[in-house]
């Protein structure tokens, strides 16, 4: 059975190109991708994760308001009973910030992994496979069945 | 249903009053007093005049920070150290969403903590006095740049606040910038903005309007961008706008970019009424940048070089820190000076490249087809035609996040790096044109020994940030090292 | 009197032994053992092969620091972070003056104090072992770059030390680099260097030789540079050199630069014997740089753009810190990556500019005239002809500090920014050619409403560092701001 | 009477373009310029200053060895009995040094003024006029008589 991930851009951010590439890459790697598109609210992420029984929630943010947009996000997930791996990636701070600090900020907000904009999809896919204990064989099966 | 007709003055006034009641700073707007303020401004702060009389491309950066004093300092720096000819004030994202309360919170936060969590200047919150303090403190014309679908209050306040140029439009600030705004509503909102600009214009204060040419910034075929520019231009002209700057974002192929800028100018002149003064603006590469300042300087310079050949009226520069986040003022000024240097070194040279005429002819043919389809869809009415053409996919923008566009068009580069259309969807282009694109892309596929697919598109999206123009398999490289 | 004839082996050996006795590290040279060392090097360290088989322009920076470990680290950095294809080792100024004792002092100073007061790598002092430690530690081909009129010992040691490429020549490392060396002597000294390279070549170790194309780096008319390149190529070929890279320094006008690089290649092939493999190298702007890294990046990028169009085999890059002093390794790598980005973005595009053929034809005509005059002056002998032509001013280099050149030629830019000749002195160019130059310069003088004078030349010398190509009065500016 | 300055590039430095521009500018400003050219030794400077009774000695150095090349220069001048104003300019240190430090180094070596490479000739001419107490009138006379 294919593993399901929910993907979207949070807040009022409209940068769509990154998730378009991610959707394609995660699909090609055998995942079922529920793409919420841009400008998705915390609730939309949570509801989609429930509806589709997602194992991972992938949040994208490019425009520099990620920190505000993610305040309380993990509470909302918990309220909906979502127990998925959560990743966030993109340009997470305003300006030329230091990434290690950004990582800490978002880990403190509850994200399991934090990626910068230099991350290629492959890296995130590899990490998710590790986190979901997906072996290559299972992955390959997944690729075939989707 | 909405039509391309001038808003009657009573209606203008009524909406204006309603709007201004929506946020405290709105109350202070007084049109007559605003006219007097504009009239008091010296010649070198009159945006339209400065732009329209320049004899070489003027440079303008993007820049906006939340606090007034910081914005003053930033713009002075970009004018002084960056040698910018024209200045911007980029608005924050909350304001773009009309969330003035959140913007207020962000602004107060910034004032207290000294760190900026807003990504721009919340002009509505600063109000007329704040805007004028900025205009008064900086010695060059300043434009409002934003990305706001409903920019009516922003326009009312910034026009009264002394700004004489305003970016955006109903399509270009909808389709690339939002998901859920429908086109009919954004057209209506921008008719108001344009009518307001028209009202100032009639009183001798020519507010310059600049539709946002780059759209999604990502491999947008020139004819699509130009069509949107002409449509927004027509809508604006109806409302009385007389100074229009049509935009175009660099795709990175010099011949195509020069051809597109020439086509933009000639189609703008062809479609727009004579009483409108049409100028053009070239945006340095608007897609993903390399994560490396040195490489980014190469991208920026290719833009400068292209501008020197095409000679648009204005160039919007990028900074070497584009990849990372909002640039420091030093990096922003550096992007300006790098661009200036290469433009000034190349500008006086005669550089006539073969093939520009052919490419321009193709772009014009495509644009004519799209425009015709819009007119058809609207039975001659541009507003209706725009809505219906987008609805039908006859007009479309690649990578559009908006529900109002099909987003079915997929672009890819041909073997020479020019942006072609791989998937047309229902785009209103006839078979002849489609065949030209197909043939060019087939040649590339052959060169690369692979099929045309989304993989190719994705490779092209990443190519420039990965260090090349065309997304060849394995980076295109038989590199020697 | 000296002639263009191959040095007989006994003489080669005798000079070699004499020379090597001159400084302790010289003793260690053993030709047979050196051949074995070269044979042991992997393919990707063989300079000539790597350069000659590349399918796009290879990039090479300039770089040299006194201490071995620092030089290793520097080159590794430029190869890794700078993505350089070919590496340099720039020699210090004392070595260039054959002041090995002073270089030794500087080196020891550097080792003790940790601060560098030498401006390069004293390869003679490092000796064969030091050189080989460098060659072994770095994973790309490395060239010796210097500026030494008498480079015989340097060549003997660096060839034996494993370097397979050596810059310079009897004219190009004399005229721009020194005051008092006479040409007869430098030709004799470089015949030895070339003969040594030839001796290695005959044993299968093809040492690449690279005459220094930019000369004084300051507004050098292309035909003068090309003539010097061809002359040095001919002298080298006589001594058995089979891998020759002819150089040219950017003047900043794209059409003229592309034309010059094409002329360089075609004239190189025309004059040099078939058994010589001719490649070309383009030097990014070698004149005064702007005192601003951002602007310097624009200058560098114009060079990259030109290289993408002209496609030389190699490009020598500049760093954004060129104005100030020897660049940090980061800045040096940045110059490489900026160049790489713009080249790679432009390389796959077809950019055919009008007027290149005409300009190339003019350059070739001028070069033919100069070459013919050299042959005439030497009764067919290139060595004698070179000496006599310089003596007569029939061949001349602008801004030459050397007593061996008249330095009577004065260049200035025409209205398009191409470098023309304002004062010919006794330069061997016929009236037809002179008239072409005069007409071009007259047009510029007219545009500027002033007379042709040294003031114009001085303005042109400063123009690029002041931010433009042509030294117009009052900076050329009706700039809008 | 025209004021005489000696100009040259010291050491084994061959960068000639700067002094070519300086020679022209100082001449145009009314000075008599004795241009020694490049690669001039300390002694050559001193002897020329004596021979031509120069009021100023202008030393140029671009290639990064200025400090070594100027060691003991002012002793040599003194030995020859030269009592002229001394200036040095160009790229005076190897690498991306801080100019204030460079200035101190060369002032300590005895130079009256130290200029960086951004100095235009006008600036040096203005300084020399001040140092030699040349009024504009005298300067204008000088321009006429040369």
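A few notes on this one:
Each chain gets a letter, A, B, C and D, in the order it is written, and its residues are counted from 1.
Please note the rule applied: a contact is a pair of C-beta atoms (placed from the backbone, for glycine too) under 8 Å apart; a residue touches a chain by one contact, two chains touch by 3 or more.
Each chain and its UniProt protein: B, C = Glutamate mutase epsilon subunit.
The structure presented is a predicted model; accordingly, all values stated were derived computationally and were not measured.
Seen from the C-alpha centroid of chain C, the farthest chain centroid is that of A.
Chain centres here are Cα means. That of chain A falls 66 Å from that of chain D.
Put simply, the C-alpha centre of chain A and that of chain B have 30 angstrom between them.
Per-chain Cα centroids separate chain A from chain C by 54 Å.
Chains touching one another, given as pairs, are A-B, B-C, C-D. Those residues of chain C whose C-beta lies close enough to touch chain B in the complex are 50, 53-56, 58, 79, 83-85, 140, 252-255, 290, 292-302, 304-305, 333-342, 344-346, 348-355, 415-417, 464, 467-470, 476, 478-481.
By the touch criterion given at the top, residues 11-17, 20-21, 24-25, 37-39, 63-65, 67-68, 91, 93-97, 117-118 of chain A touch chain B in their complex.
Every residue of chain B that touches chain A in the complex is listed here, in rising order: 93-94, 96-97, 106, 116-119, 176-180, 216, 218, 287-288, 291, 321, 323-328, 331, 399-401, 454, 458, 461-462.
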